[in-house]
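Look for chain A in each of the two complexes below; its partner is chain B in the first and chain C in the second.
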Partner chain A sequence: MASTAHLDTAPSRPGRLLLVAALAVLLLVSVIAAGLDDSNRETPAGTPQPVPDRLAATIAQAQERLRRVPGDAGTWAALGSAYVVQARVSGNPAYYAQAQGALDRSTQLQPTGNAAAAVGLGALANARHDFAVARGYAEQALAGNPASMEANGVLADAATQLGDTTTATAAVQRMLELRPGVAAFTRASYELELHGRVDEARVALERALGAATSRDELAFCQYYLGELAWGGGGVEQARAHYERGLAAAPGDPALLHGRAKVLAAAGRVDEAITAYDRLTQRVPLPQYLLEYGELLESAGRLPDALSQYRLLGEQQRLHAAQGSADDVTAALLAADHGDPAEAVRLAEAEWSRRQSIFSAEALAWALHAAGRDAEALPLIEQAGALGRRDATVDYRRGMILARLGPARTGEAIAALDEALATNPHFSPLHASIARRTLETLRGAG
Partner chain B sequence: MIRWIRRLGALLALCTAALALGPAGSAAAHPLGNFTVNHYDGLRLHADRVELLAVVDHAEIPTLQQPRLDTDSDGAISAGEAGRRAGMECAEVAAGVVVTVDGSPLAWSVQGAELTLPPGEAGLATTRVECRLTAPAALAEPATVVITDGYLADRIGWREITAVGDGVRLTGSEIPVASVSQELRSYPGDLLTDPLDVRTATLQVQPGTGGGGSGPTAAVSTVGRWFGQLDAWFTRLVGQDDLTAEVGVLAVLLAVVLGASHAMLPGHGKTVIAAYLTGRRGTRRDALLVGATVTATHTASVLGLGLVISVSATLAPEGVLSGLGVLSGLLVAGIGAKLLASACRAWRAGSTVESPRILVAVGHGRDHEHGHGHGHGHGHGHGHWHGHARFGRGALVGLGVAGGLVPSPTALLVLLGAIGLGRTWFGVGLVLGYGLGMAATLTAAGLLLLGLRDRLDRVQLSDRLRRRAARLAAATPVLTALLVFVVGLGLAVRGLTGL
Partner chain C sequence: MPSSRSSRRARPAGRVAAAVAVAGTIALSTALASVGGGVATASSHREAPLISADPAVDNTDVYAFVSPDDPNSVTFVANWFGLQEPNGGPTFYPWATDANYDINIDNDGNARPNVGYRLTFRTEDRRGNDTFLYNNGPVTSLDDENLLFRQYYTLSVARNGGWEKVVEGQVAPSHAGKASIPDYGDLRDQAIKDLPGGGKVYVGAAEDPFFADLRVFDLLYGGDLAEVGQDTLAATNVNTWALQLPLAAVTANGDPARNPVIGVWSDTERYSMQLSPGKATRTGDPVQVSRLGNPLVNEVVLPAGLKDAFNGLTPSKDATIPEVVARVTDPELPKLIEGIYGVPAPAGPRNDLVEIFLTGIAKGAPTLDGSAAPIQADLNSHVLNADKGQIQPSEMLRLNTSIKPTAEPNRLGVLGGDLQGFPNGRRLGDDVIDISVQAVEGAAQTGKLVDALAAGDKVDANDVDFLTQFPYVALPGNVTAADAVGAPAKLASDGATSGSSTEGAQGSGGTAGSGAETSEVEVQPTAASSDWTNDLMALGLAGGLGAVVFAGAVAMWFRRRRAAVRANRAAFARGDSTETG
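Presenting the complex of A and B:
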């Protein structure tokens, strides 16, 4: 018995050991695998480091996937939305056409219930200043999914521009509840700023900056921090924010615009003119051209200024021919440097489309240019009704009041003082007009 | 595999963040935008010289921003006015486009300069300037030629370079021979290609004939190529326009195979289940139970997450996956802790009754002598264990749940793809197949281990060894429970650090 047993047990001992060894190996393998996976994780997904070119990488991935699966409506929508952002970040409008094409493809593939495509089309419409259309898309996307972060973002942007502050505030509030990140905080900051709650707006932007993970987000947050400081007359703070943003995104047109504004405010007029010249050669947005012209005019270079205004006029005509009118800028240009009657016509067209604080301000200023200051006054008061502190609005209110006779002189002086106290550099051209007007009013009074 | 889901997550997260940034600037409707300045450089390399056709296309706004062409203000642009401007611009192009041969720059001479004003939008003109430049160069010997276009480098627009060899051969060049935009006359509208932005190129010139360069190349990310191929194969199958029954069956079978191979990879508590089955003296039914639980949990988990993702694009699946990973790990660790407690109790009880155990074990041998079945003897040998082990069925289900809780990225991707194509039910079928494949592997592994263990048990033991084996057997549940606990913690930590 013993001998048999002995013989038979011979394999059993290594067998048991084998089992234990196998278990040990399994444990070891799992631990190593977990460790390997961890080390893999650290490289691509380390969140705190700003990612330099995540947008380009995303676009490349979506393109690659769509070459393999051309029928994927969701990825087409994501690619289209990414193109919209790329157009803004790079300043290259060719991406808008790409975005339209990609979003149309997504809609073709999935005509109903395609919330992702609706959101992308809404963002594209916002970029084209077609805010009513953008709002329609946002509502379409929200009908399917009320908790969509992006759809609420599109709705907030469109509603703000359309003058529907209640809807805008509600959309931003929903975004803050859904995911308090860069998107929600920057929009919340803008809402607060429009209501004159500047300190809270700054806190919101600082939280957005804290949540920013990519270079374009950092640059975006720094730009708005700069704009907020600039609006309150903090030229040095604004400069610091713009420069920090440019360190993250060196070619960003909005930040280059900030730098040019700061140079003009610091009295470095020649450098400012060079900066504006390079900016408008590269990205000739209407706002930049108008400011450039006014800077040239304030520096006594009227012929150069006039050629910028002419260029702006041609550009407006081009945009109108393409069906994307920016009547606010066109009306302001006509009011200050052209035909006041044309300014009123453009501003009234804009006002009939949307009764926002921006179109109220443009119409008031056009009426002022046409000498209809009594009609302008309620509109300019409406433009400031939300409580925002904006030097330009105060300046325009002051200039309108100044024309309404001696009874309103006190109010006019207060408004102009307020404008210059808020931001003495709000415009190289209009700030000096404000100072001259103040002298005249005080001299008369 | 996790990479793909990360990519998907990054994509969703990005388009959220991106859309969030909101509008700035206005979008133009022109093909390349009405303020672009576009460049094309066509190089032709000869043995004794380099020729360059440089084309600059100014859209409407840059055309307006240039100094006025009509210098004599007679309302028309004369040939002389156009020629003078073309000459000026080509001189600037000659200064801006630098070509070096083995490091030394060439000196261009302008052979031809031409300016035309093709009509643009809203009755405005665009400006097209064509410059023909040439420079002597010694290319009869092998040389390295580098072209860098620095003309108006800060302008936004299309930038394209082509190169051909005429009497020389170009090797190792990534630059195409022909212009995809027909020298800036027609910009391709491929939605999957970024606007071209090529500003520099390096060419290797060899004596001999034969053109160089290559076709237009698309930038393809190298990330996850191996997985991309597998994924491509599978997703292409799912995404086929004409989805026949055969292809459908093939896809489901493929899903089963993919699921089976996924289950073979370490992690997800599979080792734990195997160890548990061994240590807890599981039966074949236990192995099948684990398999069924894994399939059910995995399918439900993929369907649930897939549903949530397809309904809300704001959700980043990464976070959910990490959360599920932590949950799964904690579940395993909890079961491990419970097992450990009961195993320790049993072990302590076992030490006090060591002698009866030996007696039973001896009896086991005798049973065998009398020709009794092994299963019976085994039952005796560990009789007092079974009383405790039966509670383990709940724990088994728990382990199965933990094993299937974290959805496989492939399965999720295939489901989302199928939903995107309007083939939701097909996607559900594939996910089910995938889960079945996973379950088959796990069950097979469990059965294999049970078989191995039974074979070991069938082996007769000497008394001395039997005593040691019995002690070892008594310790095994403690060890395996410890293993379950540690691996569970490991899984939870991994889920957390992955967040």
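Presenting the complex of A and C:
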């Protein structure tokens, strides 16, 4: 069977951590500075930007106001919430600490009945994957302000990740009844997409795009319209959305990610590698690092691929040391490029925290990596239970079925065919594994 | 069962390892910096926009006044999408196309609209995928081919029933700067449309007529009034809908003499969607997302936890929400002022505020606890309408259309003895910040301005003059008064300084200091006189007996108050604030 490149298992930890921590401290400041400048650097000089950056304006106005009136708890909360968004938009996680500071200040000034701060703290917790904590903040905010569309948004996001689909759906519906707009429509779109209602998901994103009045909102909508098209194999359509978004928001990391993916799908591998390289230098999200590594591996550049996996592994270990868990990605990394036993450990830890379609998929794949396909099968089916059309899930189901003997060969072939029919570009590495596996299965059958 | 993976468990060779280590250092530290700052998101987790304001559908202000140049008509001005920077580049501020923008009129007092006017919009976008700029050359007319992004509106009316189209028109575009729009006045003139059956409409950009130093609200957060005097909204624009209608079109039974009082509020609704299968398209009743009657209710009356709920509420429900009512009968602001300035907060329950905000002012105005209305004057409550219905206390702007435009408007409105001003409707030049602060301190009931707050936010007039004719609001952009269409050049030079006490050219030519410029307005048979008896005669000529009777009574009540107020004001006038009238 085809497989992926693997790293050694864990190196000596304490010395590594010391060195790594020292590096982090030394370079944190310069990286933050670079990150903060990045959005400007990406804007070609002289290009008029007719879609206003209301996020930056909101932050600037709030800061100005707080210089004058430092006792305004509401504006501290608004600033904190804006920082949470800015962290995602800029790709600079230093804003999370700033968000925490601003929100703490708000609750200090107004300890009770501070629904706005609760919303901000909930959004921050979601961003940090503390979904149970986020849910608590959302409920607190709703107790203080039952008509809050934003509090329902925090709840919807947390509940989705916790696997509580009933609560999530109800919260999104409530947003739509309280204040239809970008926040409500984008979440409605995600709800619909998770349930496999792709056309309706697109309609909802188009509603959101129509209501967008700020650059970051527009960039978000174009990116996810692109992702929807991409997920169905519509590479050219996806490209159009990403490029349209980049015309309005040139430095947006997510849109640059989309552009890089499209280059890879178009066979322009060197350009794709360059694009991923620049992207991961600036915004080293786990997803980007993993995709970059797998692109390098599929292009035959194994040492470079391994260094990306190593980087990602280090990052995951430091996350764990800091108590912030993103075990889904860590499990998937370990399953494909690390130690399968570790993969299972991580995925089971995540599963114990939340039983969602995401953690089901991660545990299924980890068990598959560990050779426990019979246990993996019900979990991968659970991952598809809501009806989402996802080539990666189909691929994983196919690979699991392929290990379960000749009786399941037909289903395995069907699942792998389905994956490639849905999105032949779902992963440069795994798509080719899927194709080789199909050949084998058809040859053997 | 051992993994049947291939033997590609490669460990990088020494030299490669070193190279990888070096090349990886920068990336490593970047990656690690991301850990130091916080967790970066994973692919399974989508972070959608959340704390996003929705300015395109947010009401900023509503005005209602008898048209100074045509007292048989009323003018409504409703604004959305505030804080537009006029010179922020080629940015534009479109109206939402999946929303209803409404001006509602209750003329029988039951807090439900009897007449409604509605704007809906569509966009014609000729930009293609190549550009985000909405014009590719100077735009000198509404149909200029250089204008790539256009919006059109449909104005509809509902009278106790379904909606009917009145007229369609084109929106005057956002002012993207002189290079794009050399003369906004031309576009504005082209955009004004006459209505069948009388009246006019304009939809487009305007200079934000609200004038205030918003820092006055710092009071609520531990600030003080020491640093005020700067119009926070100077040189910002808004999306404006100006609508002028004959009085018969909006008053109960079409009879302004019998039923002069109308209640006005604006709201915005957006079409939503449902998650049930097949319903992802625009479905169901639209959701009310914003609502506005009296100015500053959100800032002065309601706490943070109620603002969202209030935006979704229709006026007929206001009095059924105890928390909303409590904020009127037991307001927060006077307690804060007492804490900072030592001014004793007026004793509750504040039935005077109930009159101002919830029922309109009249001797027979209903109170929520059955006691007599404290402000014993007949001004703008629906109880004064002969054909009134079941009176329902509710938050809205109330205008008595029989009180004709005055020769010399006073920015303090009713509190300054000028009956045509706020809270009787709202004119562009009414200083609602100062009026509201004084009213919440009880000035309407006592007739005395509160000394410590007499200067208010020290912004007494808009930075740009208003116009003497429809649509009255100033042109958008950082224009001087010299550019305002219809304003004589003489007024321009006199009125150009901001912070002076010009009442704006909206009144009948009474600009301070410029002498008696011939007024274009014909309403006042007598020239700039503030003598009540003359006003009474004018009212008698114009409005019929009923109007004279209660206008006279009101005049008597306020005459006594005004004398006291004037005495106080003389004592407290500051150097940069001169009062007329």
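The rule is simple: the second predicted complex is superposed on the first by the 394 of 445 C-alpha atoms of A that agree within 3 Å, B and C clash if a C-alpha of one lies under 4 Å from a C-alpha of the other, contacts with A are read in each partner's own complex, and residues count from 1 in each chain.
Simple rule for what comes next: contacts are C-beta pairs under 8 Å (C-beta built on N, C-alpha and C of every residue); 3 or more make two chains touch, one makes a residue touch a chain.
Small disclaimer: the values here were computed from a predicted structure and weren't measured.
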Quiz item: Touching A:120, do we find chain B (first), chain C (second), both, or neither?
Solution: both
Practice problem: Identify the partner contact of A:88: answer first if only chain B is touched, second if only chain C is, both if each is, neither if none is. | Solution: both
Practice problem: Using the superposition on chain A described above, determine whether A:179 touches chain B (first), chain C (second), both, or neither. | Solution: both
Exercise. Applying the touch criterion given at the start, work out whether A:64 contacts chain B, chain C, both or neither, answering first, second, both or neither.
Key: first
Practice problem: Determine, under the contact definition given at the top, whether A:153 touches first (chain B), second (chain C), both, or neither. | Solution: both
Quiz prompt | chain B versus chain C as contact partner of A:248, first or second or both or neither | solution = second
Practice problem: Please indicate which partner A:101 is in contact with in the superposed arrangement: first for chain B, second for chain C, both, or neither. | Solution: first
Exercise. For A:419, decide between first (touching chain B), second (touching chain C), both and neither.
Key: neither
Exercise. Considering only touches as defined above, state whether A:72 meets chain B (first), chain C (second), both or neither.
Key: both
Quiz prompt | Residues of chain A that lie at the interface with chain B and also at the interface with chain C | solution = 1-2, 4-6, 8, 20, 23, 26-27, 31, 54, 58, 68-75, 78, 81-82, 84-85, 87-88, 92-97, 115-116, 119-120, 123, 126-129, 145, 147-150, 153-154, 157, 178-179, 181-184, 186-187, 214, 216-217, 220, 280-286, 311, 314-315, 318-319, 322, 324, 326
Practice problem: Show which residues of chain B lie in contact with chain A when the two form their complex. | Solution: 2-3, 6-7, 10-12, 14-36, 60-62, 64-65, 121-124, 154-158, 187, 189, 191-195, 218-221, 223, 228, 232, 235-236, 239, 241, 265-267, 271, 274-275, 278, 310-314, 318, 365, 369, 416-417, 420-422, 452-453, 455-456, 459-463, 465, 469, 472, 479-480, 483, 486-487, 490-491, 493-494, 497-498
Practice problem: Spell out the part of chain C that touches chain A in their complex, as residue ranges. | Solution: 1-6, 8-12, 16, 19-20, 23-57, 88-93, 96-98, 129, 132-134, 215, 218, 221-223, 227, 270-275, 277, 280-282, 287, 289, 304-305, 308-309, 312
Self-check item: Of all residues in chain A, those that touch chain B in their complex
Solution: 1-2, 4-6, 8-9, 11-13, 15-16, 19-20, 23, 26-27, 29-31, 33-34, 37-38, 40-41, 44-45, 54-55, 57-64, 66-75, 78-79, 81-82, 84-85, 87-88, 90-98, 101-102, 105, 110, 115-116, 119-120, 123-124, 126-129, 145, 147-150, 153-154, 157, 178-179, 181-184, 186-187, 214, 216-217, 220, 251, 253-254, 278, 280-286, 311, 314-315, 317-324, 326
